[in-house]
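Notes follow once the structure below has been shown.
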Amino acid sequence: MSAEGTDTSSTDTATVARGTDTGLAETHCEHRAESGAIPRTGDPVTNRWTGVHRALRWWPIALLITLLVAPYSALPVPGLLDGPLGSPGSLQLLALCLLYGGLATGYDLLLGRTGLLSFGHALYFATGLYATDLGMLELRLPFAAAAVFGVSCSVLLALLLGSVSLRVTGIGFSMVTLAFAQAGSILVQRNPGGATGGEEGRSAPADLLPSGLLGIENTANLYWIAVGYLVLTVAAVHWAVKSPIGRVWEGIKENERRVEVLGLRPYGYKLVAFVLAGGLAGLGGVVYLLLTGGATPQAATSDATLALLVMVVLGGSGTRWGPLLGGVLYTWASHRLGDLANSSAVADLPAVLRVPLSQPLFLLGALFVAVVYLLPGGLARLPARIRSARTGRSAPAPAGPGTAHPTGGTPA
Amino acid sequence: MDTVVLLFCTGLGLGALYFLVASGLSLIFGLMDVLNFAHGALLSIGAYATWWAGAEAGLSFWLAVPFGTLVGTAAAVLLELFLIRPLYSRPRDQILATVGVGLAVPALLMGIWGADSRPFPQPELLSGTWHVLGATVPVNRFVLVAAAALLLLALRLFLARTRYGLIVRAGVEDRAMVTALGIDVRKAFTLVFALGGAAAALGGALGGLYFGSVNPGQGTGLLIFAFVVVVMGGMGSVTGAAVASVGVGLVQQFANYYTGAGLGDLSVVVLLAVLLLVRPRGLTGRLA
Amino acid sequence: MPARTTSTPSASSAASAASTSSARSSASSSPVLRLDGLGWAVRGVPIVEDVSFSVGEGEFIAFIGPNGAGKTSLFNLISGIYPATHGSLHLDGADITAETVHARARRGLGRTFQTSSLWPGMTVADHVRLAAQAAAGPGASYRLWRRAERYEQQLADTLERTDLTHRADTLASALSHGEKRKLELAVLLVSEPRLILLDEPMAGVSAEEVPALTELIRSVHRDLGRTVLMVEHHMDVLLGLADRLAVMHHGTLLALDTPEAVMADPIVQQAYLGEAL
Amino acid sequence: MTSSPFSAQRPAPSAHSASSPSSASSPSSAAEPLLSVRDLRVVIDGLHILHGVDFDVAPVGVTALLGRNGAGKTTTVKAVMGLVPRTGSIRLSGSELSSLPTHLVVRHGIGYAPEDRGIFAGLTVAENLRLAERAAGSGSGSGSGGEAGEPNYALVHELFPELKQRAGQLAGTLSGGQQQMVAIGRTLLNRNRLIIADEPTKGLAPKIVAEVAEVLARAAEAVPVLLVEQNLALVRRLAGTCAVLADGRTAHRGDTAELLADEEAARRLLGVGSRHPLAGGPRPAAAPASPAAPVVTAEVKP
Amino acid sequence: GTAGTTAADGGSKGPIKVGLVYSKTGPLAAYGKQYLEGFKAGLSYATKGTGAVDGHKIEFEEQDDAGDPAKAVSAAKDLIGKGYKVLAGSTASGVALQVGPIAAQNKVLFISGPAAADKATGLNKYTFRSGRQSYQDIKTAASFIGDAKGKKVTVLAQDNAFGQANVAAVKALLGAEGATVDQVLAPPSATDLTPFATQAKTAKPDLLFVAWAGDTASALWTALNQQDVFADTKVVTGLDLAASYPLFGPAAEKISFLNHYFDGAAGTPVEKAMTDAVTAAGGKTDIFTPDGFTAAQMIVHAVESNHGSADDTSALVKALEGWSFDGVKGKTTVRAEDHALLQPMFQVRLTGSGAAAKPSVEKTLTADEAAPPVTPMAG
């Protein structure tokens, strides 16, 4: 890709010089439309890895096809799933896994792509969930309209609260988002005007849901919706991240000040990320409503956000597939760890082991600590770490003996 | 009038409870830049240890509280040595690791002692009431206020008078220069964590008095308000945390009572948002 | 060291000289940048004090001064990273004292940082693309979706100019320090700023690479006609480039004059060069 | 170590010895060096700041570390202290320091007065000093001694009576010179084997410069000093040997007096007047032109 | 009665599969444990120790919902997908209200457990309950007041769905009888309840009904005691599981309790059978053991009426609607109209406080006295 550019350099100097006269950067960018010579370099990975890797590049498609046909399969997956792949129970669990994979991917738009540590993402998820449910229950909207209403509510709320909380940065931002989400959670619990049903939640009205989404025999449809949500989220996030805006996000994540010095206002870009992530979470709430048949306040708690955080970190924040992987694994684990916790294998253990092992949340917390500690970068970076360990080049050079430096800082 | 007095006194008590939790949080953040999500867990550990010593092991309340505080301190030291210290160079991972501990510890407590509240030993001396200007105020609120005031005083004395306090104050300003004077800052970190843990555990023990019971989620429940207090007080400032604690406690108590729907929590949230927007560095101006 | 007492006449004479002694560019044009009594204090402690001067179109001013003299702080004030606590700042006649960092950048103020300030996880090409996008304005982020290829030409040219073409797909974190310095310049160039602030562009660059980098900076100044302010400790580099030399000391502008005059100034020698022989 | 109490007062050589600057390999001091630094390299954020610095600190008197602005002097000193990640060898009387964290380096008996003084602005003067106290027991784990006994407040207060008067004042409100006193005072408080002072006269009024010089000279009687300094008059006055850094490398090592006497070498290495002949031509080496001159004449009393 | 004399061929016919979706872990794990113990005892009792009906063995699979409705829904779908026609459990109201509709959509029988939400009554044709509902609690509470006319009743509750429902129910019930009903609502997250205790005291009601759930109960009782609310007001609240008795602190003896059940409350033969079975299994009967027991009774009855088949859910529903039987607490009826479970309730006092607190029945309300009004069946 280097060759094409070479011969045009002299003319370009002139262009640049001409640009100077106009003074403002905006204008001269327009008159360089002439020679769109070099192809967009695209994904850097493709340039580094060729051949086999190019073929392997299609694995997401293969995976998607596998996911799509899963309901037709009676394949037993002992240990992983309680029942054959295509059974309603398995499909329901898989659908939840995929939903959370999508939610985590959306959340990582903030954490891993823009560097925003939000502790209040569950609020937008819960907004989509409750607004859709209430749209049907209270406004008697048909499902599709209620879903649009629900997602719009999340988007608007994200826009409103995002524009406030993004005015502070760092830990302040985390705390404000946490506080807002806490307020939301309290509001839901408080059952204002009987709307949210408080701690009991509200189940979705069966009469307003499409009949194809009701009943156990239609679990596959719900599953496909979850697949659709995941594909949509992943596509939206990947597309956005690859887009020019995504480049700005990456810049903001890595060095916000530097982006500002280029003349871009990070606030707006962060807000876009916040609203997009909020909207995707809201849409996730709609899917969740379908999957669980109702809205319950657990969805709005700060624990729900923490769960997303755990998923993202588990899988690998800022990586392409990590959050998805983390979301799927976490959801699967939190459903199946319960089985482990209740299994007879655990019940027969001495109390020192049995008591902690019978607490799924303990297992999750401990697992999380272990991942943070042992797998910096999450599961998605594991192959790269193994590869670099094998080739002997410990990639992120763990500072040599001379760098022993307890505080990591230098006198300013 | 007596209602206002009552609200004021109990609001102070609530603020004192927040301060007991937030002081350690603030101290740890100030020196180490670690937002300790496991702080609620330390509180719960202190509360359960006190409860265990008092109710199960049959110790008197006056011995149970130091015991609980000691256990909480030990837990904090272990946490610092084994979890935080290896992650010194990875600040965000430190936060995440404490999140994990914050999830695991309450679950463990639940596994051992069940999810239900356990009645907390209440010494006769502290279960009565005092009459203040026509209001009947529970004595333990004053105990909390006194404990918080003592803690504030002790922390200020520690910071002002002791060598380690000196190290902590200097470390907040310039960590590297402290090491350049031949001081092992890591020891100060462990100490600060221990202190924070002790304060949290004491908060847990006295929180048991306040709630009359202990349950696994108690610490985590208080943590969010402690965070709010720390941020409002200006991260790292113990005095700022004290001021913010009192403010939050009073606002919450009055708002809970006087607004029909009980908007106490919401008003605190709004207070935080407004304060951060007006003064992004909190009350005392340290950089958030 | 009587720095403070003597600085006033020295600096003010320099400021008055700015309009006349500005170099090859049209002396008649109004100054690109004008500082009036600019100052910045942290908790009452002055870091930059009462700095006044103006920069003519196409001029090249080099800043020298001991470590901690406030050179970087002055650049931070000019680029808006620090808010001025005193004085005012005009870019092309417009008062920008209260403007944000990005607003100033949109007016054509570009800078590099003393410590390479890049996006370690982004490729070289993406750095340049991002800068091009920024130069095209916020709206370009959206427009670019449709017309991304237009900017590829600009990308190729910039990489060519900074000799980074072969590193286009390398992550910034994997570059050598000299390449990072070049990339900083590339990022700067592609946004085609009107006024360039370079903070120690040679810092950490090995001796072999210094001449090439110097040439690059020279071409930016001479060939592209950019106005440049540069902090540098390498005297040989800046003496070959600068039209005027500014000496910072204790946060004040000790002197601003032709290199020859400045180097001959005993006060400067005293304060900066440690001349005592 | 205190065998040569007046080692700081080497007679300024009057003769122009034609020592070639390239013969930097052998330091002039015959004795075993106290601190010996070899191939010190520092990379910060990918920037190579030191590319291999070699120098020795003589066991007595003052050793100067010279170089133009930005040459890497401060970085070298920070690397010795372990304040920046470093590679290479740093040996203090035979013990290797290059892998030690800062506080252990200090406990080997090094007092450090950083370039920016490293004063804790929010602490009082007394507290700043108190923080620097190293009790005899605190060195446990450092292996070698180098510190014992009570903090020597008497010495500090004798040298800087002002610090006693201003004990309760917040250090941040001190003048630059007073802050410098605190910084140097901190290094004198403990019985150190080496004191590293990074531009201790920077930003000081001439009168104070003279005082600081005197203090350094006195300190050097008891403890060897590694001095980073731009004030060549001061260097000439105090330092027996020196090392000159340029672009993060050692460019010269040798006798200070010889170097400063060699007009051409001094210009080339220290950048003084090399590219721009000074207005009045080269000044006579013996005639100090700076206001810091009183240093030279200040009588240093034992 | 049962027809199953053929214990020998118990395994020869296809088993009846029952899914239990309840809180094995999570905040309500203690209730879940009681429920399960009761269910096992009830199954053994109703099948006369055979564990089979008409030769069809009753097999039950446990699924943990950890109190999370989403998990419960997944578990329910899993079970239904595996062909389960009968579900039971639901320790938490949220779970009952989410699983109920799933059961209806898939036409399986669902017998809700300890979940007290009134909404679960009349939720749909397929949903039943084996425990009491809030309204029955409130009726029991109201029974303390005697003639309500002209009396002043204050409800002290948390401002959440549970509290609001209680306020509404008391208003509907006692308001209609001529009492003036007002409320003191505290935010659910409020930790300092002293001001609300004074508010309740200032209201000077004849009867203070405290509807409280959650971790602040102890703080509330301490506050009420300290503010001396008991001096001139009758205070009524629900008596929860035995572990909670000490939480009332010194106030324990001053409170009038309404109670669903406590160990030894009923004194019926069925209760004895239950207690014996549970004790033999190493458990301890408590407030929600009867809910499990009753659920097992209902399931066995429904299957029995269909000759050992659970395939026709409508027939199961038919069999249960209007069924009256001897339950743990006495005569118990499944009301046909809305599937409310009419059952006796208790007025209880505690003697002693702290760990020594012991409950004793003051008065037993008959099933009819405690019956909730009929709710029209929703769907």
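Letters are used for the chains, namely A, B, C, D and E, taken in the order the chains are written, and counting of residues starts over at 1 for each.
Note that in this section a contact is a pair of C-beta atoms (placed from the backbone, for glycine too) under 8 Å apart; a residue touches a chain by one contact, two chains touch by 3 or more.
These numbers were taken from a predicted model, which means no experiment stands behind them.
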item	value
Where chain B and chain E overlap in contact partners, by chain label	A
Those chains which touch chain C and also touch chain B	A, D
Between C-D and A-C, the pair joined by more C-beta contacts	A-C
Greatest separation from chain E - chain, by CA centre	D
Whole-Å separation of chain centres (CA-atom averages), chain C against chain E	76
Separation of chain D from chain E, taking each centre as the mean of its C-alpha atoms, in whole Å	82
Distance from the mean Cα position of chain D to that of chain B, given in whole angstrom	46
Whole-Å separation of chain centres (CA-atom averages), chain A against chain B	33
Junction residues of chain C - those touching two or more other chains	none
Numbers and ranges of chain E residues touching at least 2 other chains	159, 187, 189
Residues of chain A touching at least two other chains	186, 190, 358-360, 406-407, 410-412
Residues on chain A engaged by chain E in the complex (per definition of touch)	82-83, 87-93, 96, 186, 189-191, 194, 197-204, 206-207, 214-216, 219, 288, 291-294, 296-299, 335, 338-339, 341-342, 358-360
Complex contacts: residues of chain B adjacent to chain E	3, 6-7, 10-11, 13-14, 17, 110, 114-117, 119-120, 122, 127-129, 135-138, 141, 210-213, 215, 217-218, 221, 253, 256-257, 260-265
Chain B-touching residues of chain A, taken from the complex the two chains share	117, 164-165, 167-172, 174-176, 178-180, 182-183, 186-187, 190, 192, 302, 306, 309-310, 313, 355-356, 358-362, 364-369, 372-373, 376, 406-412
Touch list for chain B against partner chain D, complex	163, 166-167, 169-170, 172-174, 176-185
Of chain B, residues touching chain A in the complex	35, 83, 86-90, 92-93, 95-97, 99-108, 110-112, 174-177, 179-180, 184-186, 224, 227-228, 231, 235, 261-262, 265-266, 268-269, 272-273, 276-277, 280, 288
